[in-house]
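Heads up, the next two complexes both have chain A, just with different partners, chain B and then chain C.
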Partner chain A sequence: MKELLPEETIISSELFREQMVMMVKSEHILKVCEIAKNDPELAFDFLSFVAGVDRYPSTPRFEIVYQLYSIKKNHRFRIKCRLEEPTEGLPRIDSVVAVWPTADWHERETAEMFGIVFNNHPDPRKLLLPDHWKVYPLRKDFPLEGSETETPDLPQ
Partner chain B sequence: MGIENHLNNTVHVTNLEWFVNWARKSSMWPLGFGLACCALEMIATFVSRYDLSRFGMEVARPSPRHADLMIVSGTASKKMIPAVRRIYEQMAEPKWVIAMGACACTGGIYKNYAVVQGIDRHLPVDVYIPGCPPRPEALLDGILQLHAKVMKEQSIRRPRLTNVKAV
Partner chain C sequence: MSTQAPLTNTAREEILELNLGPHHPSTHGVFRAIVELDGEIVVNVTPHLGYLHRGFEKTCENKHYHQVIPLTERCDYMGASSNSLAYCLCVEKIIDVEAPERAQVIRVIMAELSRIFSHLFWLGTHAHDVGAMTPLFYTLREREEIMNLFELVAGGRLMPNYLRIGGLNKDLEVGFLERLKAFTDTFDERIDDYETLLTKNAIYVDRTKGVGILPLDDAIKLGASGPMVRASGLAWDIRKSQPYCGYDQYEFDIPVETGCDVYSRYLVRVQEMRQSNRILKQAIRKLPDGPIIARKAGVIFPPQEEIYTRMESLIHHFMLVVEGMKPPAGEYYQCIESPRGELGCYLISDGSSNPMRLKWRAPAFVNLESLALMSRGRFFADLIAILSSIDIVLAEVDR
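Moving on to the complex of A and B:
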């Protein structure tokens, strides 16, 4: 268990388990990540992954998880933030590519699989899915086999 | 046979169609279209233990324009299908397709939105080789079945000239 002191951050809740997890409001994610990277005691210079979670019947529906690791200090940390699904359009969150450039591809994959828009992302293309699909496969209400109309083999 | 003895066995007389089929099957050049794990088994069939060059197939051409046989080995994802089709169309006639492995035959264990449930939805397949992955002996058996199929083909059809003017 690594001792960790988040300073002057805007936290909504903090959970302790075997690993440190912190829940943050989604508007402040960029600032929190900047502090996590630049603070000399925290020094989280390695972003392991950015992942999305669809908690379909519960609200807020989506959750984005950032797993951080510090190479110098050898401690790990996880930041989560919850996103509501708006009534129209797609949920939006700030992109952390300015803090860790590796977030580029992770956010592209999360965006295309869940339908989450990352603001100020430098390259918001699809990463893995074919371009002619307009659906978000990793959402809980998407059937595993796909369908002929939504996930066709070839573009029509 | 009569005429061969007369020519001191220097000339081999045969049916032209049989001869053409024999030539096609004996020097079929594969385009190893290795997509996933079955590609490793295909490579294992090429190397010296299960030698594929005894069938005339040691030149696995990377370019489809030089190849006759497309061995689709591995999982074909839906994103890959335009590329697969384009490569198949670039091959010159006569061409054959072997679907190697469960994923190429029917989609394998991947029944989901991203995997084509069998590349016979997009390509005409001649021989299906099940297995996950099929052993090199299974691939060789499939190739021998393809040879048998080629030998039975009607490669030289009698031309039916319907509008020939008498000269």
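Moving on to the complex of A and C:
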């Protein structure tokens, strides 16, 4: 259904238990999302969530998931992007807040939990975690019980 | 008597930053916001979340699939069974199992009781926030009866932890259906009582009508769902649009209002309680006999009595407790209509006995995003009414 519309931005698509997932190139995510929202056939006017996935130790390490819904057409769809971990700094991807304003808080949560920078995000502050934490708790290499030095209750 | 010096223009123009919460009863939990005020008018609201963040998603990644169920109920403790329903449906899809007919109907009963339970408490506290103290006592009376029903069926009063992957923990207790029937028979009249207290109450209508306007366009852009969009004129209910648990076999309407304000949200939720009661009555009538949990060795727990009598069942039970079950690798997104809106569970399985990733799409978290838009330009007192009309549960917002 979806293969016809966007151009060569697609890497692969997969069907599992009647749910369609499409992997797209991360540099084209904004373009893909704009088409998904504005194309009259797709009309994905509702973004359910944006989530991060850490596939450590396999590479590419990160995935960003966009779960879409069309109220007009009553269909759901999932877009995914893979992100390499760069040798220095944090992985980056374009923000989709301009397409769906609801992505704002979802992207802020993903950013602080996985350490992913969303380019052009209007409000890149932390959302749930304390400002003085410099760690990314939902990464697989972060211990479940936290750490006394890295996640203190109060700023040191 | 001393007279105050007249305000200078600079003092008049200064924006006051007020810290609201996190410990304040009107914020319904540990919600904190920085409110910028120009006199009594709200200029901007900046929510600061995370006071109840417990790392739910991280914890789930370190638990077996069956162990996650009680954790999900601690997200939205006001509609506890809705949470475990979303999670169980999602896992059942991945392992390709369907709950038996009887379990499906009982699940609907539990989900609709949770909806009434949540809306009752919302109604009482919301009315209290805008100055009407009486409704709270009446709504708590009916809520108490629902808690008694939960206790009867599962033991837990607030979080029953009754659903299991593939079905239910155990069958209904003797006498449950009679008590449920007595509840549903009187509940419609009880809703009439609440309505006499509020629907045409001049003070209540003054405080809520035209307050907290959320146009449908903005509601969709901001991802609002549930009663929030239905009060803005969109007849969207996941129970109708993408039915689960056999909701397509029940007769009920989607209450819609077009006022886009706090009063419309009140009307929608009251009507939803009536519709839930309608569903409950049908569920009691159609409840079939049969098993309450699906059978799949090595994936779903065998029934309790078999563990004591059959060797294979004992072994399967032991292995499930020690090693957990290993679903096939894959991913699924299951969403349901919770009391607050689209409650979604996105689960990635990598074939091991722990979820690789579990993302909880909490409706209260997303609905809260529209708070700033709704309260700008309104009085500070309206902000409290607007906040309570969103019906947030902070445990779900922060997870």
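Methods note: the second predicted complex is superposed on the first by the 139 of 156 C-alpha atoms of A that agree within 3 Å, B and C clash if a C-alpha of one lies under 4 Å from a C-alpha of the other, contacts with A are read in each partner's own complex, and residues count from 1 in each chain.
We take it that a residue touches a chain if its C-beta (ideal position, glycine included) is under 8 Å from a C-beta of that chain, and two chains touch if they have at least 3 such contacts.
What you see is a predicted model; the values in this text were computed from it and never measured.
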Looking at the overlay, does A:D153 come into contact with chain B only (first), chain C only (second), both, or neither? first
A:W100 in the overlay: touching chain B, chain C, both, or neither? Say first, second, both or neither. second
Which touches a greater number of chain A residues, chain B or chain C? C
Would you sort A:L129 into first (chain B), second (chain C), both or neither based on which partner it touches? both
So, does A:L144 touch the first partner chain B, the second partner chain C, both, or neither? both
Given the touch rule stated above, what does A:V65 touch, chain B (first), chain C (second), both, or neither? second
Set intersection of chain A contacts, chain C complex versus chain B complex: 128-130, 137, 142, 144
Touch list for chain B against partner chain A, complex: 78-79, 81-82, 111-114, 116, 121-122
Quick check on the complex: what are the chain A residues that touch chain B? 128-130, 137, 142-147, 151-155
So in the complex, which bits of chain A are touching chain C? 16-17, 19, 21, 45-49, 51, 53-54, 65, 67, 71, 74, 76, 78, 100-102, 104-106, 127-130, 137-138, 142, 144
Which residues of chain C touch chain A once you look at their complex with the stated criterion? 49-50, 53, 55, 57-59, 62, 93-94, 96, 220-223, 234, 236, 241-242, 330-333, 335, 342, 344, 346, 348, 356-357, 359, 361, 365-366, 369, 398-399
